[in-house]
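Below you'll find the structure I mean.
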Amino acid sequence: MSSRERILGRVRRALADVPADEGPYEEAVPRDYLREHGQRTTEETVELLAENLVDYRAVVHRCDAEELPLLVMRLLAERGSQEVLVPPGLPPEWLSAADPVRVHDRVADTARRLDRVDSVVTGCAVAIAETGTIVLDGSPDQGRRRISLVPDHHICVVRVPDQVVSSVPQALERLDPTRPLTWISGPSATSDIELDRVEGVHGPRTLEVILLG
Amino acid sequence: MTGTYLGMPAFPKAAHDAVHNPVLRGNLRHATHTIRAKRAKAVGELPDWAALREAGRRIKDHTLRHLDHYLVQLEESVTAAGGTVHWAADAEEANRIVARLVKETGESEVVKVKSMATQEIGLNEALEAEGIRAYETDLAELIVQLGKDRPSHILVPAIHRNRGEIRDIFRTEMGEWGRPAPEGLTDTPAELAEAARLHLREKFLRAKVGVSGANFMVAETGTLVVVESEGNGRMCLTLPETLISVVGIEKVVPTWRDLEVFLQTLPRSSTAERMNPYTSMWTGTTDGDGPRAFHLVLLDNGRTDTLADQVGRQALRCIRCSACLNVCPVYERAGGHAYGSVYPGPIGAILSPQLRGTASEIDASLPYASSLCGACYEVCPVAIDIPEVLVHLRERVVEGGPAVRQGNTVVLQPAKGHAAERAAMRAARWAFTHPGALRTGQRLASRTRRLHPRALPGPGRAWSGTRDLPAVPPEPFRDWWQRTRGGKDGAK
Amino acid sequence: MRVALFLTCVNDTLYPDTGRAVVKLLTRLGVDVDFPMAQTCCGQAHYNTGYRHEAEPLARHFSDVFGEYEAIVTPSGSCGAMVRELYPRMGERARAEGRGDALARTLAPVVPKTYELTEFLVDVLGVTDVGAYYPHTVTYHPTCHGLRGLGLGDRPRRLLQAVKGLELVELPGAEECCGFGGTFALKNAEVSAAMGADKVRNAESTGAEVLCAADNSCLMHLGGTMSRLRTGMRPVHIAEILASTEEEPAV
């Protein structure tokens, strides 16, 4: 007997007390929790996103489409970045004023190569106001998961208000589970020393979020 | 589970050193009290917490009650998405599968995301025996691995270490494993985190094989979820060419939508954050992004035995948040090591004796490692009634009876060492069903009250070693009542 | 209303003053209280130590003794929780063991009409000011089974706050277990003692003269610890405070 059959057989014997006609999944779980917490205008939701991002030590900037290229240029310059990683589908105008050398992520590149790049600029799939979370789904303006991981400085552009939702349930509705997803809430952190939060371990230690409206 | 824990003494003996170690007591008190207040605040932010908790409980219960169906569905989904599913009935089989998969890649080292399941099966030791080195990459796991220590907490395995101790371990041990600690390393948490970053970076960048667990597996989509903070998880899940995830069969949930409950309750319960810094979700493999090969090892190792117990099966709802440890007064004083398992604290006290059985001294003592204060149940985000299961397992220890071990129904004998207690309980039951006998005993105690010592010899010292005995009154209440008809005749 | 006092075996044997205080208090509030002489023990120690089957005859006995009363009042959070929370569970377990509904049916009548004392006062009698006088500084420890099992909430504190002359001071870490835990106090004596010592130190830090609780088993553990540590504080059951009046002050 294979272990598969053995385990499934054990499960079935263990559940001998469960009636065969037990109700379906839809009826088994009450969904009377809230779809979002609190009543907010769109503007207030964006404001909450900004607050919660800052609360977990992300740096938040706001600008319009016209100001964006200069803002990106300034953030990269302030950081002293020599090279910036660029996802394949990043709108070209975002980096139109930036000085650093553009590095395009190619499959053949090693992680070591990416480790030498100072910064990365990406878009995002959705942002969650209540938790201060941005979610990347590997779309062309975000690129492979590793590019927003290895460089120490991540600039993420969120289109507001279109990409902003209030809550985790609303975010899951918008996301496609077949894509590789990365949920990011502030820069890398740890609670491993005396159960107190410290920012900055393996992921980007600086996360800058631009709310583009 | 791992051989490290074989031959552990019973809990009271194992707790002795911790109770009398002021540094450890201080470390645990500081850490648990810090997180307790934060958790309460994070949970308090959600007015629908009770509804989320109930939904979480019901999702897990429904899944467990139809586990065969959801495991088969999960297997189909993962396979369709390009993954390969393996089934492991026990620790030995899981270790064998992982070692074979690593060898097939031609590699001799792996990077690991913190995972309770791989600790439970002793994977690192098993790989070592096969000539494969496993590097732990979670900061706390690194501290434990470098310190040749054992984990003492589910979320923060090095919780028993304070910052000064961590600095000392980094200074002396890091060089043995790779890049040494920076010169002049101090004990500030930020510097310690930086030292870990530098030390592990080279390992991440060259790693070809990653090993992980998972917090959730979604049956309908085949998606796996890892919730973490540091980014070591993302490194291990993204950079290697091969990813092997070892996951307990109870981690499956039916639908994608179910994550909306747990992604709200887990971070707030564990690190007391609205959301943890990083959550990775992947479904099989993705062309040109991340590992090219994905293996899922589904682990039983006592879970189906636990499932067979109608009272005890609720322990399988656990999402490993560790809120119950942080709030437990016994854990705070006994420390995690006393539980003799990778699962310490209240959840460990009900999980270990079910996964491993109650045959060993430590496992038979774990159900008693609780004052039944109920704080664990109150904070549990999936409403596991831990006191109920503790009492149920005490019954199994003292009364024996039917249980399932490795899939077979067995009849357990009552544990040894409870004979005197059993006799006393029977005698008390007899007296309490014969009020006249009880009354005779009470009167005898009252008449001889002046002879009673304030401290007891022999086994009675368990009480009177630290506590005076109450004085026996001149008459029991019932005599006063009978004498005075409840004071109604004016007598005092 | 026919009200029975379920005093508990521990109080009957070791703390008759608590029993007298409950009788005095309830009588003062116009309740005709009876003490069924056949009462013994609810079976909690048996049940919680793993001897559920030994506890069953005690539960049946309890039901026989108290079944006819309209309300059953007990000055013990943990024994109250035993009847209310665990008797139904005992019935369910017997059913799951294929022994039918007999036990569940026997125990069902006593479950909803068993009240912990402070619950009875606040919820049934509807009083918080019981006309008591107690000129002392008091700190209150909510015992676990009352707090988390029965959900007594702020009832005991409201009752204490209404006592004339009483100064109620906040106990740091009030909701943490004192470490008694029934047989836990013996089986894990060192951890239990450490928890007790921490609780006593917290109580001492308030400067109160009296540590009050609604459960004498926890107070036995804490009182024994206080006396061993020579703190000078006294453990007092809430019933004795509420029974105390200007005319007849508690000693």
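In order of appearance the chains are A, B and C, and numbering begins at 1 in each one.
What we mean here is this: a residue touches a chain if its C-beta (ideal position, glycine included) is under 8 Å from a C-beta of that chain, and two chains touch if they have at least 3 such contacts.
Molecules present, by chain and UniProt name: C = Fe-S oxidoreductase.
Just so we're clear, the structure is a prediction, and the values are computed from it rather than from any experiment.
When the partners of chain B are compared with those of chain C, no chain appears in both lists.
Per-pair tallies of C-beta contacts place A-B first. With centres computed from CA atoms alone, B is the chain lying nearest the middle of all the protein shown.
If you average the CA atoms of chain B and of chain C, the two centres end up 32 Å from each other. Spacing of chain A relative to chain C, judged by their CA centroids, is 52 angstrom. Chain B has its Cα centroid 29 Å from the Cα centroid of chain A. Chain contacts: chain C has no residue touching two or more partner chains.
Of all residues in chain B, those that touch two or more other chains are 310. Contact residues on chain B toward chain A in their complex (touch as defined above): 27, 30-32, 34-35, 45-48, 51-52, 54-55, 58-59, 61-62, 65-68, 71-72, 81, 87-89, 93, 137-140, 143, 155-156, 158-159, 162-163, 166, 189-190, 192-194, 196-197, 200-201, 204-206, 218, 221, 223, 229-232, 234-235, 238-239, 249, 254-261, 263-264, 271, 273-283, 286, 288-290, 298, 300, 304-305, 307-308, 310, 313, 326, 404, 407. Those residues of chain C whose C-beta lies close enough to touch chain B in the complex are 7, 9, 11-17, 19-20, 23-24, 27, 33-35, 37-41, 43, 45-55, 57-58, 61, 89, 93, 96, 144-145, 148-149, 175-177, 179-197, 220-221, 223-225, 227-228. Chain A meets chain B in the complex at residues 2-4, 6-15, 17-18, 22, 25, 28-34, 37, 52, 56, 107, 110-112, 115, 128, 130-133, 138, 144-146, 149-150, 168-169, 172, 177-204.
Those residues of chain B that touch chain C in the shared complex are 11-12, 15-16, 19-20, 25, 310-311, 329-330, 333-334, 367-375, 377-378, 388, 391, 393-399, 421-422, 425-426, 428-429, 431-433, 435, 438, 442, 445, 459, 462-470, 472-473, 475-478, 480-482, 486-487.
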